[in-house]
Each structure stands twice: as C-alpha cells, then as structure tokens.
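Please find one structure pasted underneath; my questions will follow.
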Amino acid sequence: MRRTARGIAVLASATLALSVAACGGEEKAAEEQPAVDPASLTAELTWWDTSDPKNEGPAFQELIAKFNQTYPNVKINHQSVPFGEAQNKFKTAAQAKTGAPDILRAEVAWVPEFASLGHLYALDGSELLADESDFLETPLASNKYDGKTYGVPQVTDSLALMYNKELLSQAGISAPPKTWAELKTAAQTIKEKTDAEGVYLNPAGYFLLPFMYGEGGDLVDAANKKIVINSEQNAAGLAIAKDLIDSGAAAKPSANDAYGTMMTLFKEKKVAMIINGPWEVNNVKQAPDFGGLENLGIAPVPGGSVKAGGPVGGHNYVIWSGMPQEKVDAAVAFVKFMSSAESQAFLSEKLGLLPTRTSAYDLDAVKNNATVAAFQPVVEAGVGRPWIPEAGQFFGPLDQMATEVLIQNKDPKAALDTVAKKYKAEVVPSYEN
Amino acid sequence: MTTVTADPAPPTPPSGRSARPSRLRRSWEKHWYAWAMVLPVVIVLAVLIFYPLVRGIWISLTNLTEANQAAEICTRSITGGEVCAENPNKWEFIGLDNYVNVLSGNVGDFWQWTAITLIWTLGCVVFHYGLGLGLAVMLNRPMWGRGLYRVLLVLPWAVPAFVSAFAWKFIFNERFGLANSLLTSLGIDPVDWFANQWTSLFTAIVTNIWLGVPFMMVALLGGMQTIPGELYEAAEIDGASAWQRFRNITLPGLRPVSMTVILLGTIWTFNMFPIIFLVTEGQPAGETEILVTGAFRAAFEGIRNYSLASTYGVLILSILLVFSMFYRRALRKQGEVW
Amino acid sequence: MSQLTTPAAATPAAAVPVASARTVKRPGRSRRSPAKSLLLHGTLILASLIALGPIVWVLLSSFKPGYAVQSSDMSLVKDPTLANYSYVLFDTNFPKWLLNSVIVAAFTMLIGIFFSATTGYAVSRFNFPGRRPLMMTFLITQMFPAAILIVPIYTIMARFGLINTLPALIIAYLTIAVPFCAWMLKGYFDSIPTSLDEAAALDGCGPFAIFWRVVLPLARPAIAVTAFYTFLTAWGEVMYASAFIQTDNKFTLAYGLQQFVPQFNPQWEYLTAAAVLVTVPAGVVFMIAQRHLVSGLTAGGTKG
C-alpha cells in the first residue's frame, strides 16, 4: 500500500518540480550531470528511515520522488522504522545477513557500533566523500571508526529550549530563561499566572544530558578510558532536574509514554516549555491549536554553573555491508543525492532540519530560514559525544537511571553509581571506574 | 468428557523382562506401526525443540554476545575489496559463570524478576479462576438474559492478546487515559500508574485478568454441565444450603477441569510475554519485568547477550519443571492419574 | 445461545450426562428473591460492562482525529472521521500484514495438524514402548518458555538465511503447535470408543486403515477445534514476530501494530483503527467457534 502513497508523492513532486524548474532549478540539475547516464542505473534499494513517519516522512518521500526524476530506474523502498527500534532491528537483521536494509538512517552514535561489528561499507574512496571538507566537522566525525569513514551526515541537531511565546508573555516573561535557576522561576511564574504548567522534562537519559553538561559532567572520558558517569558534577546536574520536579516547577513526568505526553501537552498549550530538538518543529507547526511557527520560541538550553549545552545529535546515511556489490552504484547515487546541499536545503525549508554541509548554509532556503537560524547557535554550543562503538549502548542504563531519579525519587548519586557499574560490566569493560 | 477412563490404551501383555534375543524383533513386529505413526512428531520435536534446547544449554555455558560471535570481522569497502581481521575477543566456553553471575545477582535482576513473575502468575491465576468460577456459577442458573450475558462476557477472549494489551495501555495512559479521567470524575486523584512498581504491575494484571477470565469461565461452565443434576436434587431433598451444595457437589465435580485449567493457566501466565512487554514495558525502571521479557531483552536489546538470555531460559524451564513435578505429585496423592 | 453442548460432537459418551443435566430442574428463577435477583443481575451487568468497556472505548477512539485521541479533554465522540481507517488500509502495509498473519497462522495450523494427527491416535490407542515418555514430552514442551528456544532458533535460522522470512515464523510456531496438537488430539481420540476400532480390526483393517477410514472421519470436529486453537495461537504471537521479522512487508499483525505506537510520538488514532480492523473478523469467527474451544482443551487435559 506504500505504492499508493508513493504514487501521491510522485504526483505532488511532479508539480513541485514544475514550479522549481520555473525558478531555475534546472540549471543545477544540469551541472550535476554524472558521467554515466543516470537512467542506465537499475536497482531496487530499501531505505530504512527512522524519522517520524507522520511529521517528517512525507518530506523524505518527496525527496525520493525528486531522485527518481534523475534516476528513473532506481526503485527506493522507503520504510519507516520507529527510531527506538531501528538500532536493534538493524543488528538482528545484519547479524543474520537477511532482511537488513541497503541504506539506513543511523543515529550518530550507532555508526561506530555498526562499523565495529562489520555491518557497514567503508565509504573511503567513493564519490560520497569526494567533497569531504564540505561537511561540518562534528557530524562527519561521528562516521569515523578505526581510520575509515562509514557514513555521510544527513542532519545535525542538538537539544534546545522550545517554548510557547504566547504563554511566556502572558506570564510577563520577556526573554527565555538562560540558566536552570531562571527556568525554575519562569516555570513557577507561568504556573501561577496561566492555566499551563511551566516545563515538562522527558525522563530519558539523552534529555538529561544538558543538566549534566551544565555542571561540567560527561558520560565517559574516552581519551583516558575512564567511566565518569557517577561524578559529583553529574549528580549535581541531576539534582537540579529533580528539584524542578519536586518543587512543582516542572510537571510530574510519566514513566510510560513520557515523550508523547510531553509533545501532546506542548502542542495543546498545556505546558509552556520543553527541551527538545529540531526534529519536532514540523510536528509543533502542524498542531491545530498551537499557533504555528510564530508562536514557537527556540533558545539555547539553559546553563548550569559551568556551561550551557546539549548533546550533539543527528543522523547519518550508512550502507549495509551485506548489500550486493552490484547495487553499490545505485546506493552511492541515492545517498549522494539525499545528502547534497540542495536536498538538505529542501529539508530545512520543509521541516526546519539543520544541514550538515557548509555549502548548504549559503543557499537561500537555509539562509533565510528562521528555524535554522534559531537552532544554529544551539548546535554550535552542542557538546560533542565520544564516537566510540560502545556509545550506542550508553543510553539503556541511562534511561533507567532517569526514571529512577525523576519519577521514583531515588538519590541521583546512588542511581549514577548503578549506571557506572553497568557500564563497567556490560558496555565498556576495559574502562576504569 | 469425564466419562472416559483415564487410560484407554489396552494394557500390554507383560512381555518385557524375561525376553529372549528376539525381543527386539518381536517388539518391532508388534509396535512398528505405532512407532511409524509417532515418527513425524518425534522428528519434529527432535529437530525443532531438542536440538535448539541442547544448543541453548550449550550457549548458556559460553559468553556469546553479538560482538564476539564472529570469528573474524570483515570490513567491505565501497570501492570493492574486503579486509578481514581476527576478532580480538572471540566467544569462549566459560562453564557455569553465567549461572553464578545471574544467581548471585552480579548481572541482571534475576531474583527480582522471579519474584515479580511469581506475583504476576499467582495474581493472575487466582483472579482468573476466582472470577471465572464466580461468573460460571451465576451463568449456570436459568435466568432472563443468560445467553446475552454469556456472549458479552466471552467477548474479551475474542480479542487477540496484543490488541487487548494496546487497549489497556491506552486506557491507563497517565495524562490522557480513560482510567484516570474516570477517577477524576469520581473525585479521586489521578494515579501515576507507571510511576510505581505495584500500580504498574497492577495495570498488567488487570489486562491479563480481563482477557483471561472468559476462558476460565467457559471451561468451568462446561465442567458444571457435566455434573449430574440428580446430585443437586438429592442434596436439596437433604436440605443442603446453596453454599453446601456448591462446596460439596460443584467444587468436587469441577476438580478434573479445574486441575487442568489451573495447570495450563499457570504455565501460560508464567510465560505470558506480550502483556508485560506491551503494557508496562517493564516500567518503572525495569521493576515490572518478568523472566520471559527480561530474557528477551537480554537477547535482542542492548549488547545482545545471547548466552545470558539462554541462561535465563534454562532457569525458567527449571522452575517450571520443578513446579509441574510438585503439581503432579500432589495430584497423584489425591488419586488422579496424570 | 444459552444451551451448552459439550464440544466435541466427538464425545458421544459424554453426551449422556450432559443431556440429563440439562433436563433436570435446578433451583430456578421462581424461587429467587427479588433482592438476590437484583444482586445477580447487577453483578452480571457490571461484569459485562467491564468486559465491553475497553472494546467500546477503542472503537469510539478509532473514529476520532489524532489530536482528539490523545488529548487532555476527554470526550466520547469528537469530530468523527473515517480518516484513520483509510490511512491504515491504504497508506500502510496493513493489508499485507493481515495476509502475512493469515499465511503464517494457516501454515502453522495445517502442518501442525498434519504431523500430529497420527501421533495423537497412536498415543491414544497403542501401548508401545516409549509411549509414556512421549506423553510426558508433550506436556513438558507445553511449558517450554519461548525464552529458551528463541536464541538458538534465531542462530539456526540465521545460518539458513531464514531470518526475516515467513517460514522462520512458521517453524518457530511449530515448536508450540506440534506438541499442543498432539496432546489435544490424543484427548479427543480417547473419547472415541475403541469398540469401533475393534470392529474394524475384525473386518481385517490394518491400523493405518482404521485410523484413516474409521477414526479420522469421526474426529473431524475435534480436528477442527484443535486447528482453530493452533491458528489463534500463531495469530496472536508477539515474541518471535518481534525478533525475527525486520521489513515491513513481512510483518505479521502482532508486530505491525506496534509500529503505530513507537516509543516516540505514538499514533493511537491509527492503532485503534487497526485494532478494530483486526478484532472484528477474528471476533466473529471466534464467537461462532468459541463454545467448542474450551471443552476440547479440557477434554485433552483431564486425560493427558
């Protein structure tokens, strides 16, 4: 039945292409004309897309339709795979050597892990990395493992403070809070003066990183092979988050479905502030009651006593090593198209996602995009994560810790010690505790 | 169904012990067709269950995970060519280390999972049986609308378990669920269902009770229909009260059916994967995980520790075997052949 | 609806007490005091509401648009729409999942019955060396947690390249279906009088001919019930389906439906619509067949 959907997408993009052609988009296509005739490439490729099927999926389908205008004989099976499951599904399939997709949209932390297991093609020497220097340094770094490059950056992102402008001004708050202390006061004011709650924290490891980074903490010290998750800094950061909830400034989060609850409440204007990333911009924009992008404020995450910053995130295109060699040309062509500056600009325009190519930021669609402009300082302040194979496994224990601290009221330090123990036993046994 | 004797197979003539060299051949001539008839199943069981079982036990004695599974790790280059390097930490035989680690609590939460599994099983089976029996007793009387009640009460069974799991998870959503909104309208504070181990387990048990009671009810109702009515008549003439009739006629009459459904119910609930997996997802912080879901997560999530998952599997099987041995002995004592 | 037949039309022997039980007068409506009557009906109505409630709630929710399904403002009906259904049916692989579920369940059922019918018969009729261990095996394998088999079966399937194929699921489900079918059919065969076999044997029929010509025709209803049970089990299985299948054109319903409610941004509006679509046909068939189901199971059980 995807076919029907694609049919519609093709139609939609056909009209789109017409209008683009009128604006001189044609020239660019001519410029890029590859040496081989694109129509001679014939292949069927499966692409696992981990983006949200409802909010982001349609834009990717439009891109695929555009790709098929140049490469009519490369059929792309676009499959939406829930982000939370993709990592495990891919490994199950790749391990078994059947059922894995040719191309996967992998979260930045997954690439070194998959590469270390031999599940990915090394892309060095291919067309994909010909203009390697055009990619932003940090997103590209996440694709490197053991001296080789295994992926191409798709988008980059980080966590930001997203807020409801209307609610903040109703409460008489003129500027978004810059520190956690300010956030607490602001949230309490909002709770008093409006019908909404101040802030909703998602009790998941990734979403607590800004609190830990704010106090100068980190997960591991990869250079010195040390586990530093149970540091005093991290405990202090978590204590701040816990205090937000205990004091009533933040809503009490649910242990199940917290993310969806957070988004629903924010879209319903029942909560004024959340910590989230650019991937939700389109979701908020489409909410019937929210008031569109005009009402959405985006600011860097509040800071702690040391600094302000969220984790650098994003996604990369990777190619499964089990894909037969004869499909390589088609796969390279597809990834090249999807990661081109023009495609990235298209996604910025449609969804507010941040490009990973320097050249994309020079294109009008990106330059004049308010969402991108708002997120750019956020990403620049982003804290890099260690790009080691084990990094993909950091978040399981961390999520459990988040539930324990934020929902079950456990002591942060004790919960972090448990995480450290688990890291040592299961994730990075060679590291020092 | 209770009228047939327990063992209808004709007794074998006592050919056994004092046999001559030709015993095997005589045995073959006598039984070849029976063996031929069971052969397909024996082969299927051997290939699909016993071979994997033996493998599973073997895996539980190694340290196999996804990362150390392959003897060598190969990297394919997009420009062609493949580089292979030996896996520096290949899997190896580690004896009983997994069992020691699991049972001593060094790795995972085996004992907590076991406790939760037992509470979960006991809670579900007791309520399944109790409610099923109660409803069956009520439905076993002639009354107006009996057929309609019966249809309505059986409905949950018609819903596939995974659909029921989703439905209840939807209902128990803390902010947007029906359960909390009903509580609020009754003037009771909404409950953070998944924030607490026990309320979270409660949601799962409620789900399982909801979908499991109809089976018990129909089974027991069927059992009641086989109790001869003369017994009730005689008891009534003797002036037995309704409660006495229930205790002295209905309950004993239901014994064979009850024993079977309780045994089956226990095993099914013990191994019930979808409810916990889909309703509570182990929340909060893995505290409502049961053994089966824990083993699944060990094997297919995180670092995919196959050996650890197999260890859990062997332990689960051992628990069930011990349980059924005791159950069987208890039945034997009461004269049931089983 | 209220008249209960014991299953198994294949239980002629059991039919006698049932019939007599039905004709006997029990303490009836006439003797029940109004208070008792109220209590009885009150309890049953309450139980029926609880049984019905979640189903109705899901049904109602499936007609709401997304923003009203998961919303702080609860209402029974809001902006009713069929959009969820059309999305599920036409914009997802749902029809394919349905087909996959049917294929997997049907093959599991057919293969399971095919393998186990003669075994059930042999175990029921002949006392051959190995019979008791075999029966014990059936019982023990019923309690085999999938947790212990799933890893070895996964590695074996991976070796044969069967991961992400429907046969992988069918094979995995056979580990449940075969012992179960054999066990249940044995129970049914027990209830067919051996005098029939003996008569046929006197006529010169061999054991296979007796099974094929005499017993099997009589056991048809029993086989139907066992088959249906096996079908249901395979239809609703979640664990293997979650682990073995990766691409969305191969999902079964049990796994496919999970796609609607992932960890982030669950889409309950689609899930509820899909749930209704799954439940209605299954439910109809089930309601027709259910009265035969349990009796078969317990018949097998009491004599296992």
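Letters A, B and C mark the chains in the order given here, with residues in each chain numbered from 1 onward.
Heads up, the rule we're going with is that a residue touches a chain if its C-beta (ideal position, glycine included) is under 8 Å from a C-beta of that chain, and two chains touch if they have at least 3 such contacts.
Chain labels with UniProt names: A = Sugar ABC transporter substrate-binding protein; B, C = ABC transporter permease.
Given the structure is predicted, the values throughout are model-derived calculations rather than measurements.
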{"item": "Contact graph of the chains (line, ring, star, complete, other)", "value": "complete"}
{"item": "Selected interface, A-B versus B-C, where C-beta contact pairs are more numerous", "value": "B-C"}
{"item": "Separation of chain A from chain B, taking each centre as the mean of its C-alpha atoms, in whole Å", "value": "40"}
{"item": "Centroid spacing, where centroids are CA-atom means, of chain B and chain C in whole angstrom", "value": "15"}
{"item": "Multi-chain contact residues (two or more partners), chain A", "value": "92, 95, 257, 264-265"}
{"item": "Junction residues of chain C - those touching two or more other chains", "value": "70-72, 154, 243, 258"}
{"item": "Shared-contact residues (touching 2 or more other chains) in chain B", "value": "169, 173, 175-176, 300"}
{"item": "Of all residues in chain B, those that touch chain C in their complex", "value": "1-4, 6-12, 27, 30-31, 33-35, 37-38, 40-42, 44-45, 48-49, 51-53, 55-56, 59, 135, 138-139, 141-164, 166-171, 173, 175-176, 178, 181, 210, 214-215, 218-219, 221-223, 225-230, 232-233, 236, 242, 256-257, 259-261, 263-264, 267, 270-271, 273-274, 277-278, 291-292, 295-296, 299-300, 306, 309-310, 312-314, 316-317, 320-321, 324, 338"}
{"item": "Of all residues in chain A, those that touch chain C in their complex", "value": "1-2, 4-5, 46, 52, 54-55, 79-85, 89-90, 92-93, 95-101, 257, 259-260, 263-265, 267-268, 270, 283, 287-289"}
{"item": "Residues of chain A that touch chain B when the two form their complex", "value": "88, 91-92, 95, 115-118, 121-126, 128, 148, 252, 254-257, 261, 264-265, 319, 321, 325, 328, 332, 393, 396, 400-401, 403-404, 407-408, 425-427"}
{"item": "Residue ranges of chain C touching chain A (in the complex, touch as defined)", "value": "67, 70-72, 89-96, 154, 157-158, 161-165, 243-248, 250, 258-259, 262-267"}
{"item": "Sites on chain C touched by chain B in the complex", "value": "1-2, 4, 6-8, 11, 13-14, 16-18, 20-29, 32, 37, 40-41, 43-44, 47-48, 50-52, 54-55, 57-58, 61, 70-72, 74, 115-116, 118-119, 121-131, 134, 137, 139-156, 171, 174-175, 178-179, 182, 190-191, 194, 206-208, 211, 232, 235-236, 238-239, 242-243, 253-254, 257-258, 261, 268, 271-272, 275, 278-279, 282-283, 286-287, 290-291, 293-295, 297-299, 301-304"}
